[in-house]
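Mind having a look at this structure? Questions to follow.
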Amino acid sequence: MFRHTKHLQFEAKPEKPDALYAMKLQELIGGAWGEMTVTMQYLFQGWNCRIEGKYKDMIMDIATEEIGHVEMLATMVARLLEGAPDDVTAKAVKDPAVAAVVGGMNPQHAIVGGGGALPADSVGTPWNGKYIVASGNLMADFRANVAAEAQGRLQTARLYNMTDDPGVRAMLKFNLARDTVHQNQWLAAIEQLQEDGLEGPVAPSALFDEENQEHANTLWGLSDGEQAHEGRWASGPAPDGMHEFHYLENPAPLGGPASAPPPSGHLYATHDGDMGEGSAKGPDAAPNKTMGDKIKDTFS
Amino acid sequence: MFRHTKHLQFEAKPEKPDALYAMKLQELIGGAWGEMTVTMQYLFQGWNCRIEGKYKDMIMDIATEEIGHVEMLATMVARLLEGAPDDVTAKAVKDPAVAAVVGGMNPQHAIVGGGGALPADSVGTPWNGKYIVASGNLMADFRANVAAEAQGRLQTARLYNMTDDPGVRAMLKFNLARDTVHQNQWLAAIEQLQEDGLEGPVAPSALFDEENQEHANTLWGLSDGEQAHEGRWASGPAPDGMHEFHYLENPAPLGGPASAPPPSGHLYATHDGDMGEGSAKGPDAAPNKTMGDKIKDTFS
Amino acid sequence: MFRHTKHLQFEAKPEKPDALYAMKLQELIGGAWGEMTVTMQYLFQGWNCRIEGKYKDMIMDIATEEIGHVEMLATMVARLLEGAPDDVTAKAVKDPAVAAVVGGMNPQHAIVGGGGALPADSVGTPWNGKYIVASGNLMADFRANVAAEAQGRLQTARLYNMTDDPGVRAMLKFNLARDTVHQNQWLAAIEQLQEDGLEGPVAPSALFDEENQEHANTLWGLSDGEQAHEGRWASGPAPDGMHEFHYLENPAPLGGPASAPPPSGHLYATHDGDMGEGSAKGPDAAPNKTMGDKIKDTFS
Amino acid sequence: MFRHTKHLQFEAKPEKPDALYAMKLQELIGGAWGEMTVTMQYLFQGWNCRIEGKYKDMIMDIATEEIGHVEMLATMVARLLEGAPDDVTAKAVKDPAVAAVVGGMNPQHAIVGGGGALPADSVGTPWNGKYIVASGNLMADFRANVAAEAQGRLQTARLYNMTDDPGVRAMLKFNLARDTVHQNQWLAAIEQLQEDGLEGPVAPSALFDEENQEHANTLWGLSDGEQAHEGRWASGPAPDGMHEFHYLENPAPLGGPASAPPPSGHLYATHDGDMGEGSAKGPDAAPNKTMGDKIKDTFS
Amino acid sequence: MFRHTKHLQFEAKPEKPDALYAMKLQELIGGAWGEMTVTMQYLFQGWNCRIEGKYKDMIMDIATEEIGHVEMLATMVARLLEGAPDDVTAKAVKDPAVAAVVGGMNPQHAIVGGGGALPADSVGTPWNGKYIVASGNLMADFRANVAAEAQGRLQTARLYNMTDDPGVRAMLKFNLARDTVHQNQWLAAIEQLQEDGLEGPVAPSALFDEENQEHANTLWGLSDGEQAHEGRWASGPAPDGMHEFHYLENPAPLGGPASAPPPSGHLYATHDGDMGEGSAKGPDAAPNKTMGDKIKDTFS
Amino acid sequence: MFRHTKHLQFEAKPEKPDALYAMKLQELIGGAWGEMTVTMQYLFQGWNCRIEGKYKDMIMDIATEEIGHVEMLATMVARLLEGAPDDVTAKAVKDPAVAAVVGGMNPQHAIVGGGGALPADSVGTPWNGKYIVASGNLMADFRANVAAEAQGRLQTARLYNMTDDPGVRAMLKFNLARDTVHQNQWLAAIEQLQEDGLEGPVAPSALFDEENQEHANTLWGLSDGEQAHEGRWASGPAPDGMHEFHYLENPAPLGGPASAPPPSGHLYATHDGDMGEGSAKGPDAAPNKTMGDKIKDTFS
């Protein structure tokens, strides 16, 4: 169960409105790597966590903080939209800078949101549940969390340079700091999982006895760039301490030709009538063939 | 530019058809963490790579391999669908195991795909471009790639246990091995980026002078689980070697109350008429207030 | 800012697992009218609320409660999935009832969620941000909130009859009660808005002086059902107290013929060359016509 | 079955083209609350209506009218797009107002639609079937219809202020009037349902004997705003005439701690090995634990 | 403007309910190639048609018919769902055939639709506006219409074999016939466009003087299948009567190496610091390089 | 299996950057009719092809080429984005042309893609798997392929006129030529299928003996446009050589009234209590009726 205080985790006061920047800032709310994503990702991971104790408690701490980040950003967007142009274009546009705003702002900020934030990204695409993962495997999920914080911090840094409003920058600096600490925390948690003997670096850590170990070491050279073999990924020990990298130059395929089996007659797939061993034959199974003949007669 | 050989990278021959399993296997083709995702993610990363040489060449090698993985899985699905029930339900269902197949198989495998694979996941949701990221920052992207390979290997491992078909298992073992090596390779690439002095562990590695360093260390205790402070993420040095973790118990918010500014009159947002300092007043700015009085008269 | 206690608002303990029911219950988590929807809808409405005081405080109370409802349902789904079939189909299926479960359960519950809930509905469609509205106009939004609670309660009632598990039913009875009180509260809030003179029953309450009042009263009879004029909506005073309903039998259209203007030549729209008054003429503006002649020559 | 006349229900003639406004107007065609939504919502409600007579006939009348509204708006958009800039940017842009148009117009209006309307909203998101509901319960559906008309009228009012074109305004005034009468008609239909004894105000009206009545009255105070208890929703009789509101200050959770059950070994969820009573044990059930030990050996 | 008669274009009476078949039949309502698609595609094409007269009139005739097809299918689905299992699974399942139905039916048919049709396909994916095209170029659009009718007829034929209900089959035979005639009509319209000299077979028919004619004839042999050159597409005259096909065996790429330009410093893309000619240099432009050095110091 | 050369199929070098045009060009990458669509459509068709030999080999040749087209366009977009405005708006905007760019460019090109292409269209909607079809029936699929090439060429032609950059135009001329030859090749393949007796012009070519032939000839006149009967589609022989067109003026519906059957009581659909013959009666089956009486008492 959750509780709420109306005080924001950190201040969200722009010095002046900026409707074009409000549109861009939506990326941090409802983008694939925005705060709605980390909120929902961590909440579902916490609820699906199978170990009571420090992992689950930490996940829920961070998840709960992230709801408050959506709140800060939504508040900021509403304040950036104050007095946004919602009038006849020709009346609103006085100079090129205003033209950029009038042409570029998200029309749904006025028409749909009435001056408030939307659960969408900077091009108006709505947030959706496929952005998140909560697999139950903490190694796999913490890898995804590091990625989310890294992309999130990167996008915040880009947005930081698109404004010089001291109020917006103050909040983004707080967000940058939180993205830094959260990135560090998920990296620390990845180490912790290994120290606790719960997971190895490669998820899932279970080794399949029959796993094709000869294929677990090789970089297949399938593009003609000449330097792929120069990196750490092409020779020497792998990070999991169990494999040794090799580079395969110009490798041959291991499988036979790709092909699809003969279709059932009910599917009306185009086929030349040789239905292959084991398939049902007769008029019902091969309507196209029968029809093909009829058509040949008709059209020739 | 690409070239194609009709030989598969690895064999994809099931011993017998299994339409229900074909539906499940779609997760590895068109799921959020399936092969279409890694194909497109690595291709766009390669095309957007700003350093010529070993990084780009390696990305393109792996990207090109992944197209062939979609091909292997699509071929496998078509073969698993051979002779799938496409008839009247009552005719097809003889026993409970068939009932599970008839009820559970993806109807679009017959109706739409005509016995072939679909660019969709195991519940039929189509693959979409928001599943991938190619940010230009290799550290952030390689973090995402590790996550993708980890989730991919995890899902493959789960699917491995849902079949006992030796042909399917043989191919999945190959896939597991490739997911292992690719996970290792992205992890190695993360080390390489740091060895080459291109990025630090926290992306992006730029430090904002004004970044709120006091907020870059702390875990805010916002959930009442009692063990969150016991992990490596709550005390001691952070993985980036630049920060020292601290745990904040029962922290107070730093910001003022959340609130949205007074709305423009053209938005018809509900407001009590006190438009706040600096807002336009008068009938145009506050239609609801004026209207509110009129309504009060009408309804009282 | 938010805080979390690990205790659930209400108990979520099924007597026994039921993977098929878990799939259905997802509708209440990530369906268009599920708890993620009301959570996000009320949060964004609260953040976008332009009146400080009782309206905003009430919205935030209910919004915060709804996050806890998602938590209850996600916990319930994980418990219903305990021991769900994740094996070879033929091994798992013993009798028809198991067949229904094996065929019908959401494969992503195992493959993607690892036995946990997903941010998706009962057919696996992910939740998305277009399900919610926060317009800034409280009358319009409270109308949407009543609708959401009504559909939510209706779906909960339907799901109540699809299980006889006493633990599930106990939780659903709590949910039904909360949907009842919330429905009542949004209805009360609609009355309150009018009592406070903030909005009338028709949103937005602003009257456009030039609004076509003669078209604000009539039901156009455009379908040949003969009883449409018998309801309260076809005669007598309208609920807003300002209009009187009328039924128009067999009404004639008021506008001229629909037509699209002549296209720009750069669009290559098919056109017969008479570009209409005011359009640019010449080879650049009418490439198809020019081309049409050329084609005529070529093909005749 | 339907029939069509090429005459529009109301005139749709702009005085002059305005490509930027055409983009905004798309919200009324393909937005979540646009005319495609009410068209499809009412059609499916009519087709799914279980009572022959006045309800169904009225629904089909309005549904049929709404198809014609999409037609009016699509015609208007095509006319607003006449001569829209489809040229090299630098050639087209002469002054700031044109810059706003060239930068802000929907590029798909030229590239995809060839100067015609699209089934999408003002930011280009395509209309989709999740925007509508047709539940079979008329009270729940009419609540949704009132909400749709309210949001629709609100958005139309906002768009009305964004143009001063007399032709566009004339059509929007007609649309505003139709939204008013339809809002009134759904409100009247809600009253009618209760007069006819078919539904109560809370949908569905069935009382579950075992419904938790003590939880059907209370507003849980979970946010620290101090005025939530001052509204009609916190004390006094509820609108359904069956409940009495109460405000719960600082309420304690009623449930136990949230937790997820021990996972199946096949899911490779991270777990500490204590699988809990009733779970299968042994190497198959707990691969991670076994693997954890192996990893510990390997990495320590 | 549209009008409606409550009589269906053709009868839609199943002999008996079949909830599993109802789920499959949804493909014809809300699938990518279902009746909602052709309805909306033809309506938008008609509204966007730039030639008054026979083309536009024919498009509107067929578009209007298609609305009625959605109605027939929605009615059929509701009737197929009569008495569908909506109870506790174990109670409902008596034998394998019922198990297939209970496991396989769309749970939203009960939970969301209340026994009525949904605007979704056979796996529950909602219909969306990207399924349709109305480009203004009639040749391009009629090509899309033939494709839609062909896929639609194919899917109807597949569904025809999945039932033996005489009532369903009677309606599907009508639909098959309509798909046949509409396919023929769009093919005839393609001929008509050419006879009228409005378009050639290749859309758009405009020839770009500078078009690379040497690249408008060749099939690039990029896959090692050996028979691609045997078809009509590899030699001889092309259908447009203007080109002669050639097969290019093992063609060399015509362009230089793919590469992305040096990034702006504000983007924090990973780069090795050599920003290339014309790029800004200095600390602002290359934060990563500067940071890279700092990191190197820190971590080495 | 695939291989890659880093050389582009054709050169992709703009003379100068143009961020606004880069946004528009995304339509050809990730639009519904863009290169990702034809890539995936042809790949899945090739993998699902049931005839070995010339058809499959040709499909794979073209499919493999299309991957390289995505590569060319992605490279072009990255180069067009070089030095794109990523700064504070007021600093960047100097004149109207820049205002159009700053307001109009896709903000995700900077924030998400870091100066690289996105798998999305010109309004930022992500590419998705529903854009493609691979049905197994080659006639139906080749019809779809012609449509895709026609729409693709049309969109390329429109984009050609929106730039005067000689480098961009050179590449687009190559693309136009490839769209021409591919359109011709699919048209030739349609002829080939008929020559080979595999399919007739109407897909699927199977004739259902019981197909309603009297309904396979007629154009139903359902719109009042007066010229629909003047085209080739209304009289004379149909293109399949098997039918003769007729025009039906003012046709009467063939079916009875549309209606939905009485609902199950568990669905809480609104109903007047007469459940119809064969339906279960009693309190469980008709909760609303029972409740209706109770409500009537309460509210009257």
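A, B, C, D, E and F are the chain letters, set down in written order, and residue numbers restart from 1 in every chain.
Note that contacts are C-beta pairs under 8 Å (C-beta built on N, C-alpha and C of every residue); 3 or more make two chains touch, one makes a residue touch a chain.
Here is each chain with its UniProt name: A, B, C, D, E, F = Mn-containing catalase.
As the structure is a computational prediction, the values presented were derived from the model and not from experiment.
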Between C-E and B-D, the pair with more C-beta contacts: C-E
For chain D placed onto chain E, the superposition rotation in degrees, Cα atoms, nearest 5: 180
In angstrom, rounded to a whole number, how far apart do the mean CA points of chain B and chain E lie? 24
Take the average of all CA coordinates in chain A, do the same for chain B, and state the distance between these two points in whole angstrom. 4
Where does chain B touch two or more other chains at once, residue-wise? 1-9, 32-33, 47-48, 55, 60, 63-65, 68, 71, 75, 78, 86-87, 96, 99-100, 102-104, 110, 112, 114-116, 120, 123-126, 128, 130, 133, 135-137, 139, 154, 157-158, 161-162, 203-204, 206, 222-223, 225, 253, 255, 258-263, 266-269
Parts of chain B lying in touch with chain D, wherever the complex brings them together: 154, 157-158, 161-162, 266-268
Touching chain E in the complex: which residues of chain D? 1-9, 30, 36, 40, 43-44, 47-48, 60, 63-65, 67-68, 70-71, 74-75, 78, 112-120, 126-130, 132-137
Touching chain C in the complex: which residues of chain D? 5-13, 32-33, 53-58, 60-65, 68, 71-72, 75, 78-79, 82-84, 86-87, 110, 114-116, 125, 128, 130-131, 133, 135, 137, 139-140, 143-144, 146-147, 150-151, 153-154, 157, 160, 169, 173-174, 176-178, 180-181, 183-189, 191-192, 195, 201-204, 206, 208, 210-223, 225-234, 238-240, 243, 245, 253-264, 266-269, 279
Which residues of chain E touch chain B in the complex? 18, 20-21, 23-24, 27, 31-33, 96-97, 99-105, 121-125, 154-155, 158-159, 161-164, 222-225, 253, 255, 258-263, 267-272, 287-288, 290-296, 298-299
Touching chain A in the complex, chain F uses residues 1-6, 47-52, 55, 86-91, 93-96, 98-100, 102-104, 106-108, 110-112, 114, 120, 123-126, 135-139, 193-194, 196-200, 203-207, 241-242
